[in-house]
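Look for chain A in each of the two complexes below; its partner is chain B in the first and chain C in the second.
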Partner chain A sequence: MTFLDILLQQSINGLMLGIMYSLVAVGFTLYFGVLDVINFAHGDFFMLGGFMALMLYAIAEAVGFAGNALVVVIYLFIGSMILTGVVGVVTERVCVKPVSKAPMLISLLVTLGLGIAIREAVRVLYPRGSDPKGFPTLMPQGSFNVGNIVIRYENLIIFGLGIAVIMAVNFLINRTKMGAAIRAVAQDGEAAMMMGVDLDRTIDITFLIGSAVAAVAGIMNGFYYGQTMFNIGAMMGVIGFSAAVIGGLGNIYGAIVGGILFGLLETFAAAALPYGAENKRVFAFLIVILFLVFRPTGILGEKIFERV
Partner chain B sequence: MDDQQRTLAGPWGIIILLGVELIIYVLFLALLLVPGGEILAAEALLLVAAVFYFRRNPALGARIQQLFAAHARIAWIGAVVLVLLIPFFIASSPYWLFTIIIAGLFLTACLGLNLQLGSSGMVNLASAAFYAVGAYAAGLLALGWGWPAWITLPAGAVMAGLFSALLFVPVLKTKGHYLALVTIAFQFMVTILLDNMEWTGGPQGLKNIPLFSVAGYSFNTAINLGFIKLPAYANFFYLMVLVVAVVGVASQRIYSSWVGVTLSTIRDDEIAAQTFGVQVNRWKLVIFSLGNCFIGLAGAFYSHLVGFISPPNFAFDKSLVMVSIVILGGMDNVFGVIVGSLLLIILPEKLRVVQDYRFLIYGLVLIIMLIFRPRGLVPFKARDFLDLAGPVRRKRAASASSTVSEGGA
Partner chain C sequence: MRNRFSLLWKRSHKGLVLTLCLLLVLGLVAAQCAPGAGKKETVKISFIGPLTGGNAGPGLGGRNSFLLAVKERNEDPDTKYNYEVVQIDDECKPDVGVQAALKASSDPDVVAGASHYCSMVAISTADTFHNQGMPSMVWGAVLPDITYGNDYVEITRVNGTQINQNEVHAKMMYDMGYRTVSILHDTTDYGRGHLKYFSESWEALGGQILSVQGVNVDQQDYTAELTKIKAENPDFIYFGGLTPSGIPIRKQMVKLGIEAQFNGTSGIKNESFNEALGPDAEGVICFLEGAPIDELPGGKAFLEKYEAEGYEEPPEAYGPFAYVAGHLIIDAIEKVGPDRAKVAEELEKNTKDRDTIIGKVSFDDHGQNIVPLITAYVSQDGKWVSWNKSEYAGGQRQLVPPK
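Showing the complex of A and B:
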């Protein structure tokens, strides 16, 4: 393999991961927009999405509904998105919104506590929840070559799906009336209310979208790695938040760019640096810290001046 | 001064005061010594009942507070004696003695975290990372160069303080959510590196770190007093009490000095503090390092207490526990941190009766507590400058304020 081949191969791997991270980062950005909170439990919704899909798959197997793989996959995605979205809205109502006006430390700790609660609920309630859970192979296996670059069918499908979901979210936020309401609330909640936007409903819808999108990422992650585990959410939460910040918190395109950048950073660090494979995230987080210090508003964020 | 207050100042007041301390003490010991979850449920009910009672009769609570304020020295002596007697009462269960020592270490670390988080408003979610720096520094120095524990203990603290320099620039340039993210990222970096580096033992960590011993006396020997035999942990317990006393007194002195006031201004309004000539950046760095020193000290102690450390001991969830101790106990408040660390370290151990569900309960309790009592169990009070200034100035201030109010009217 030539250098160019390696570069391309790693770029493709990085993009795969990046799309997944983007989907999680979008939630952070949306929540920060409408409620001004960072939902540190968001990574656990990513994990929850994967487990919801596993549960739905087990139910489908139990009742003997396992025909066309395509139908099953669609059923898993839609079902998990709805269930995870509902959990997202319920938790938002019960514990995220009540603390959104509290000092930042309180909202931080409440959402971290929510993350623990979700993680532990999954571990305790899911049968043998402490073990890694294998994902069913529903996607076509095998791969094809473009030059020297290997592309697996499964990854291609996941990638396409991720792009589709991102485009759908973009459409929802930027082209529909509901999205206009979300953007209005993000700019100024009170002004939006005066214009007749139902604040509570908009917040609910935002959390429904955010959690459902995180669920998609969770299922993608399950298919990509072939397994999932109850404790993957914490790390993914930090990655998603980092990606949102790199891109520019509050900006949807920023979240997408940030997610892809984080994915690329990780894969290139793993491939290029000595001891890179095990320390790839150390490198990625280092870049995140540098970003926060030298460009805290991110790539696409606007410069903010503090007023006295 | 009315009649009631006069009786409180006399010997009866002292007896009532010691009685209150004794009741709390007995309830605490009973919680540890009585097996099973019923005692926990009973005491929780009692606590809720007491809270409601004091809500309805605020005068009674205020009088007890007055009592403690009037006899502060006797209250302190009583409390210290009771604490020192703990090993005698729970000599039969070394496990609980060990848990109390761990709570003491968390208390030490959280007093440091409280300086950063509570006093000056700097979010630090990497406390477990600095705990790890202290622990690994002590362990490596003891294993590699054979340094005795009474040197590695301060060495661990200093090392954690030096490592703070890695975050100096982010601490000054970011705040709020962004500083939270920086510290979380740092925490994950440290855990991953500890897992991957060979000279820290990788995932196996460090084994056979020598336990404390001073001048040939190993702390791992039981204390035989003739009439009672204290488990070996009693040695560590008394050392822990000493460490906590030093760190606690230091924290309290910082709080009540002009440094504490400076930190409060930084926390409440950085820009205003700067315009009034407070050296915001300098104090932020000093307190960030000092807080991490305390955390590192606790880590070094831990290393010599258990003799075996590995990366999972210092993962992100430990940071979370420390932050929740400070916030649940009450920020910028030494007493609150004491209550917080006792509750959050000892309760989960007590909850072992519910085995699998205890972290779930922990998460839920955290959420419920913060939604209903966001300012902590022992909410911090606004500083009472008149009280700080001593009786003479207090009188002068009182007359000054009365003239001001007359002038205003």
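Showing the complex of A and C:
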């Protein structure tokens, strides 16, 4: 492999990692934009989405419905989005809403605790949940070479799907009536209520969308890495949050930029710096700190947060 | 009317009390008459391992095996004491492990215990057990310094160390014609230990190390490191770490189209490695101390009994060691009585040539089992098969050949 080959291959690696981070970052941006809540359980909803898909796949296999890969994939995505979304709304009503008027620190702690509860629940309730779980191979496994660079069909699909999901969320927020309600609540909850927006319903919908997006990310992550584990959400949450901050918390395109930048930073730190592999996160988080010092609103953030 | 009811109630109440008293007396008499029951003093022993978190799989396997050993001894009428197990979770985290060790050792009724699967935890708690004077037998952690880094009589280890398995590992690969290796290791003491002992053995033989990369244990994406390795084009990749990292590394190696043999350490000898990877696990090699469990007569019996107990989790690689630790600890307590200092002395000094399900066990002056045997395993059709019995050794199947 020539230097250029390695550079390009590493760029592909970084982009793929970045799109995973972006999908998690979008959720953080959504919650912060609407509720002023930093939902640290979001990483665990991401993990939960993957496990819901595994469970649905096991059910499909048990009843003999595992023929056409495309149909199964669509079933997994939709089923897991619904289930994870419902868990999201229920936990929001039980845990997040009661403390929504309290200082931000309280909701931060509540969501941290919620994350741990979800993680351990999956570990205990899923059969042999402590072990890493293989993900079914449903994406096309072929690849083609451009020079010495391997490009897998799977990567193209996942990358395209990731961008599409983020665009869809953006459309939902900025182009629909429901999105207008969410944006109204984001600007001023009480004023929105006076204009006839149902506050509770809007918050429910935000959690439904946020959890469903996390589920999509969790399944794509499972397909891409071919496995999942109950504890992957914790670190994913921290990185997804950082990516949202780099991009500009509250800005959906910022989440894409932040996620991909974080992915590329990690990848190139691992590839190019001496002792890079073990210190790539140190390097990436160092950049986060620099951003917070010199540009606290992130790359695409405004001086005053312009929320979604 | 009301009076009659209360009278009736009082009568039946009296009857109930009388019946209960009678039953109690009968029960006490029965307990006194039953052979041995109630006479045995209860002795507590502890089991510490990762029961939650990423390494809970092997932790629960070890716990179940330990419980099985204790159950066997409690059912044995010749046992002098009745044993009660105190289980504590160390989460595979050093700070939690020290708390667990303190909790077990602060209870004066806990005489001894089997502790730790994770090396970084076992190395942190050695001082705690020593200061508290409680004998602790390591059942899964392989870092040499746990026994060789101190002179504590309290610390013994029933499984082997990284030194043994890496010597055998390096020699086997060199003898098969492999000359260049790219090394990945996790950045804990465990992974660094494997790196150190493998590198020493490999370079002493004249093998070449193309690169060494440390990876974080909570990392999911290894494509950057593996792309670097792909450019180096090594004969094989060595990974010093545990299953949760080993699975994604192997998976991504296949996806990136890297044509090289993949070898792990005892840390990946785990059923979930094969289950999660499916066909991608084929041909992966790893090493474990002790004889292959299903090839020893006692081992077969162990697996059958384990199955009969209906535990949810498989015993995993180190379950047999936890099982042996349980028996050795109870043997010592039976011999010298429930006294921490005496039990520690007995375990370290007098465990010589003991026949167990993992082969002979002998402790050296550091309390380290000098396991004479290291077994290589290869993943074949979704199972870990001991190398000598595999189709790879027989020539029917091929590893990825050296360049």
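Here is the rule we use: the second predicted complex is superposed on the first by the 301 of 308 C-alpha atoms of A that agree within 3 Å, B and C clash if a C-alpha of one lies under 4 Å from a C-alpha of the other, contacts with A are read in each partner's own complex, and residues count from 1 in each chain.
Note that in this section contacts are C-beta pairs under 8 Å (C-beta built on N, C-alpha and C of every residue); 3 or more make two chains touch, one makes a residue touch a chain.
Source: prediction; values computed, not measured.
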Clash-or-fit label for the pair chain B, chain C on chain A: clash
Which superposed partner A:Met104 touches (first chain B, second chain C, both, neither): first
First (chain B), second (chain C), both or neither touched by A:Tyr275: both
Which superposed partner A:Gly134 touches (first chain B, second chain C, both, neither): second
Partner chain(s) touched by A:Ser143 [first = chain B, second = chain C, both, neither]: second
Partner chain(s) touched by A:Ile38 [first = chain B, second = chain C, both, neither]: first
Touched partner set for A:Ala117, first chain B, second chain C, both or neither: first
First (chain B), second (chain C), both or neither touched by A:Ile289: first
Touching partner for A:Thr267 - first (chain B), second (chain C), both, neither: second
Touching partner for A:Gln10 - first (chain B), second (chain C), both, neither: second
Clash-bearing segment of chain C, relative to chain B, as chosen among 186-194, 222-230, 240-248 or 276-284: 186-194
Residues of chain A at both interfaces, chain B in one complex, chain C in the other: 120, 123, 234-235, 275, 278, 281
Parts of chain A lying in touch with chain C, wherever the complex brings them together: 1, 5-6, 9-10, 13-14, 16-17, 20, 120, 123, 127-128, 130-134, 137, 143, 150, 152, 221, 225-227, 229, 231-232, 234-236, 266-268, 270-271, 275, 277-278, 280-281
Chain B contact footprint on chain A (complex, rising order): 38, 95, 98-99, 102-106, 108-110, 112-117, 119-121, 123-124, 234-235, 238, 241-242, 245, 249, 275, 278-279, 281-282, 285-286, 288-289, 292-293, 296, 306, 308
Contact footprint of chain A on chain C as seen in their complex: 52-57, 59-60, 184, 187, 213-216, 218, 220-221, 223-225, 227-228, 230-231, 243-244, 247-248, 251-252, 255-257, 270-272, 275-278, 280, 312-313
For the chain B and chain A complex, residues of the former touching the latter: 117, 123, 169-170, 173-174, 176-178, 180-182, 184-186, 188-189, 192-193, 195-196, 271, 316-317, 320, 323-324, 327, 331, 356-357, 359-360, 362-364, 366-367, 370-371, 374
